[in-house]
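All chains are identified by letter, namely A, B, C and D, in their written order; residue positions are counted from 1 within each chain.
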Amino acid sequence: MKSIPHFPSQTFRLAASAAAITLITGMSASAVAADNGKYRIGIVTFLSGAAAGPFGVPASNAAKLTIDTLNSGKMLAPYTKIGINGLEIETVLLDEAGGATKQAEEFRNLVQRQKVDAVIGYISSGDCLAIAPAAEELGVPTLFFDCGTSKVFETVKNPKYLFRTGLDAVVDNVAAARYVAETRPNIKTVASIQQNYAWGQDSWADFSLSLKQLLPNVSVVSEQWPKLLQGQYGAEISALSVSRPDIIHSSFWGGDMEALMLQGGARGLFDKSVAVLTAGETGVETFKSNVPNGTVIGGRGPYGAFAPKNALNDWFRPAFTAEFKADPTYPAYKMVQAILALKAAAEKTAKPGVMPTSDQVVKGLAGLSFEAPSGTVKMARTNGHQAVQDVSFGEYRFDPKTGKGSVANVKTYAADCVMPPDGSTPADWIKAGFPGAKCK
Amino acid sequence: MSFPKHLASSTGSAVAIAALVFAAGTWVLPPWLAFLLTLAFAKGLVVLGVVIQMRAGLVSFGQALFYCIGGYIVGLASQSLGISDAFALLALATGAGILMALACGWLLTRYREIFFAMLTLALSMILYGALVKSSALGSTDGFNVAAPSFLGWTPQGDAQKQALYLLSVAVAAAVAIGIHRFMVSSLGRVIEAVRENELRVEYLGLSPRAVLFSNYVVAAGISALGGGLTALASGHIDPDMAVWTTSGEFVFIAILGGTGHVFAPFIGAIVFSVIRTFAIQEAPHFWQMTLGVVLLALILFLPKGLWSLIARDKPAEVAT
Amino acid sequence: MTTLIAILLDGAIYASWLFLVAAGLTIIYGVMRVLNMAHGSFYAIGAYAAAATVGWFFSGEHGNPYLSYLLLVGCALLAGVILGVVIEQGLLRFLMGRDEILMVIVTYALLLILEDATKLIWGVDPYFAYQPYRLLGISDIGDILRFANYDLALIAVAVFIGLAAWFVLNRTNKGRLLRAVIHDREIAIAMGVNVNAMFAATFVIGAVLGALAGALTAPAISVTPGIGVEVIVLAFAVVVVGGLGSIGGAAAGAVLVGLSRSFAVHIAPEIELFVIYGVMFLVLAFRPQGLFGQTLARRI
Amino acid sequence: MSAILETRGLTRTFGAVVAAMNLNVRIDQGEIVGVIGSNGAGKTTFINMVTGYLPPSSGEILFDGHSVLGRQPRAITRLGMVRSFQVAQLFPKLTVLENALVSLVAAEGPRPSFLCPLDTPQRRAKADAIFAEFGVSRYRDVLVSAVPQGARKLVDIAMALVSQPRMLLLDEPTSGVSIEEKFALMDTVMAVVRRHGVTILFVEHDMEIVARYVTRLMAFYSGEIIADGPPKSVLGDARVQELVIGHHLDINALGVAA
């Protein structure tokens, strides 16, 4: 308040600064991608935070490997054409960390500033829900490769541009319940330990409902809800031990799952109770002897350790292992699958060598059936926007001689056996006793 | 002796000019930038709530509480009550924020410094916990918010985004003018006096707690408004809105912009969004580090924030 | 009965861990008035250093497996000293005396930088150092409960560190000087205490404690990005509940939070998510300065 | 003459320490009362109790015939009893003018407006008049933190007087002020106080100042009043000289006010 600002200069300065900001941001607008004749794909996956290690980075590694291979034209049939439809693929990689609002903003940046031709990504269900309407609004082919929420296609009822090339989490838990009921029909008690967030809550709801249908006499003896990324499960392990369950269902993933198995294993929790880990596949390589043989694990589809033997898998698995010094886990498989889906769709409808339009891509993708390292994938639900695949569960086996883990007693469930038909919500379908399910 | 009038009119007209410039941008700016600005203006409102508390010497590490309440009220009112009008939704959000502040304010205004910071943090985390446990509200996935109507007009497609952008410009401008008046008002200046010396304020015959309480409520109202606007613009809400790192981001932006003027939080929010967008794009693996370095550099070399670049040759209009 | 024993033991183990995490934070705050957000990063870096080294140690024949415990502690010391010296001498030294809240923000910036730096050094793949966790075996408590001896040893370590801190502060000359600084910085300066040296030493000790907490936790968890951020708020809560700057307070806060959480897990697992914040809120509502905090009377 | 401030049996203990013991004080309208006593004698404790900063352990406080026991300092201020402080309590990062404007707005009522600006021509004029009265006009637009000690003390007292109180309690108004400035400061303050007819009580260490300005003097010793009366008799009291002043005092050399 020392000096009295002059009216014009003050106004001018404020207005000038406002204008300067507009200019600066406006200039950044000119930094948009030039049209260079390449097919641009935005890849969004966790590069930081707890989901980076188990999911994000394997997925982005798989994307790099696949796109490099496609660009070199050395991919196996039917994907021998260079890049996508003969056009080289260019990648824009983004970190999925930071929350749904930020992702909604970055998604627009990807499409409108970076001018990507398609987006593949999103592990977090919250991010998928936020992106879904934006994808439809902006009219860019968007492939969710991993997120498991069953609400995606409740949010966007008649999707045109939105696809999910992987399975949702309902399938995992129905299949897990079936596996348990078939392999351990005499169990009496079940306990649960889930990360306290949507994924954990939904997973347990689906699993417990399904198990009630299949084994009505099983009772729930303990439900534990530790915070996501808590890392220390001492009290929970004690509580589970005290409740003496026959099986312990958990949708834990990544570091939390490994920590739980490590701590629980050391304290003998799994000597009497069998753990059922719906996302256990990412740990097959790291569990070693810490996890007892017989632990039931799933891979969220026929991925990773559950992947079938076929030519594409024979290429993918060794190539990935050679380049990244680690076996590909399910997120890696799901990423390859999404990229191959995009390629197959574009090449199905666009003229060879010509840049495929968004409409051509989504037309090709709807109802598409294509080959992936996980086998044949059919885009068969929700008007051809939701992938349909078999789901496998199995038991963990560790070989002390080779020091490697693997899966045994694998049972595979056909999609029609574990997936609710179009138009019915998962909970209702399960409660009604899986009407229309076709199991072998 | 016409200083106050000049002051008011100069900031008022500057806000008006800036608002007009940005409004004109509706038809010029690329859509992604308009969207970035929409969210930045909304965020700027929340940050303004942090800033006016900083003027009282209180740093809230839980402003996300009101941001989240604003967002969820908009989402719930639109989903459950079927209210689609943007103005009604924003009014509800602001009202809810104010109600919450009225309930918590009596307790919180007993605290200062780090204790205030930690208690605000605790409150926002309790809301976070409650939302995470609410499966009906989508738990951590949150839920989507339908596109709003504007006084009976429901635009589609691009017009929808443009309308939201214009709405955010208008709301930001209106709040900026209002808060500027508030900052130079009797109460607004007493707030600074409370920061400087509570004891003296008490012995002048005023209640420092009552002053801080009104300030807290105002801050809550505009932060909830910002949250509501964010919900409308991004079309999605989830409990992450209440988590402490979100509050940390608001404090970050407040420091970035500075506390010298009502414009500062908006400038801070825009610059922050631009820096982050480019950091994420250019260094997807190391964008946090980029932000951290920028923040440190600011504290070391530009302690009064970006605003001091603009108002360099005179002491801040509202002393900090 | 079994449940009660479980509650108490689980609570004690968790409290020990909380105390280890919070001790360094509260010491740094007590002496320097810096609420160090980067403490979480010290924890994470200690965990990574330990997990990487122990992982290497067990990857081949590198001697007696019990040496791995020495390695854990050694890594924590090394990581803590390096971090502490570099950050205190390279940055904080220039900012001392600034507003407390500003210092929170400075350390928040450090946290952002260190999070990515950790990623740069160790990548995002998980690290395991489970061997030391299993090496000590398990104890049967009753016929159902089994506890890992490593966890039980953690209680001993926490008690030892608490007692050591008490001894240093109350029974040594340096410690008394430190308490003088905690009690009244101005007078301590006036009395000729070399406050700068005190600050440097305190920050290094705090950093070592943070890294030690990480290193000792590493064998029980999978060390992944983000573990640091998770512990910050937890440590804050403990320290605020106990009273900022008080070692005894940190211990009391850790026990209160640890037992409350353990009760919640066994009796009402649904509310586990709220317990920590609920305890913090309740304590602050009735005792604003925390359980062991001092209120400073103002002289007018 | 009616009593403006009266205390009955005012006692305050801090643990085992007795800071004030059974203080019975009656101050009439228009008096100028000086308080002397060594450190810890209970002078500031007395002021803190009657202005509501410190609750007494027991006793009664009447201001203008009404009990003010248990009232907040702000309520007591509003009743017309104000105080200054040993260390000037101002708003250091605001200018002197802004300091005065804040006190002016506080004097207008307990709920400052959140719409009307603080800085109005009317308030500025009032502030300028006060500055002229206290002779601090040249510091008007300077940040308080940059104002010299003596002027700061004056501003502190000026702010207390803005609300036109009926009683003013000054806690060592000349502490921290150089010897040369002390008398000028007190002359200024006393002139203003007299003009406004304010009853005044002030704590002071400097016997010359006490002797020159007060009409009545109270001597505190370890929480009790050991002498109360005209300055001449109090200063001449042997116990006061022994316990409070610490040496023999030549009363006549001080020029005690009549």
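Methods note: contacts are C-beta pairs under 8 Å (C-beta built on N, C-alpha and C of every residue); 3 or more make two chains touch, one makes a residue touch a chain.
Because the structure is predicted, anything quoted here is derived from the model rather than measured.
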Chain pair showing more contacts of the two, B-C and A-C: A-C
Chain located farthest away, centre of subunit A as origin (C-alpha): D
Geometric centre distance via CA averages, subunit B-subunit A, whole Å: 34
Centroid spacing, where centroids are CA-atom means, of subunit A and subunit D in whole angstrom: 73
Subunit A and subunit C: spacing of chain centres that average the CA atoms, whole Å: 35
Of all residues in subunit A, the ones touching two or more other chains: 1-2, 47-48, 196
Shared-contact residues (touching 2 or more other chains) in subunit B: 3, 7, 132-133, 199, 285, 287-288, 319
Per-residue multi-chain contacts in subunit D, two or more chains: 89, 95, 98, 119
For the subunit B and subunit A complex, residues of the former touching the latter: 3, 6-7, 9-11, 13-15, 17-18, 21-22, 25, 28-33, 35-37, 39, 132-133, 135, 138-144, 157, 230, 234-236, 238, 240-241, 246, 263, 267, 270-271, 273-274, 276-278, 280-281, 284-285, 287-288, 310-311, 314-315, 317, 319
List of subunit D residues in touch with subunit B within their complex: 51, 72-74, 77-78, 82-83, 89-95, 98-99, 101-103, 105-107, 110-121, 124, 159-160, 163
Sites on subunit A touched by subunit C in the complex: 47-50, 52-54, 56-57, 196, 222-227, 229-232, 234-236, 238-239, 241-242, 244, 254-256, 258-259, 262-263, 266-269, 286, 290, 326
Residue ranges of subunit C touching subunit A (in the complex, touch as defined): 2-3, 6-7, 9-11, 13-14, 17, 115-116, 119, 123-126, 128, 130, 133-134, 138, 144-148, 150-151, 217, 220-227, 230, 261-262, 265-266, 269-270, 272-273
Contact set on subunit B toward subunit C in their complex: 59, 61, 107, 110-111, 113-115, 117-119, 121-123, 125-126, 129-130, 132-133, 199, 244-245, 248, 251-252, 255, 285-289, 291-293, 295-296, 299-300
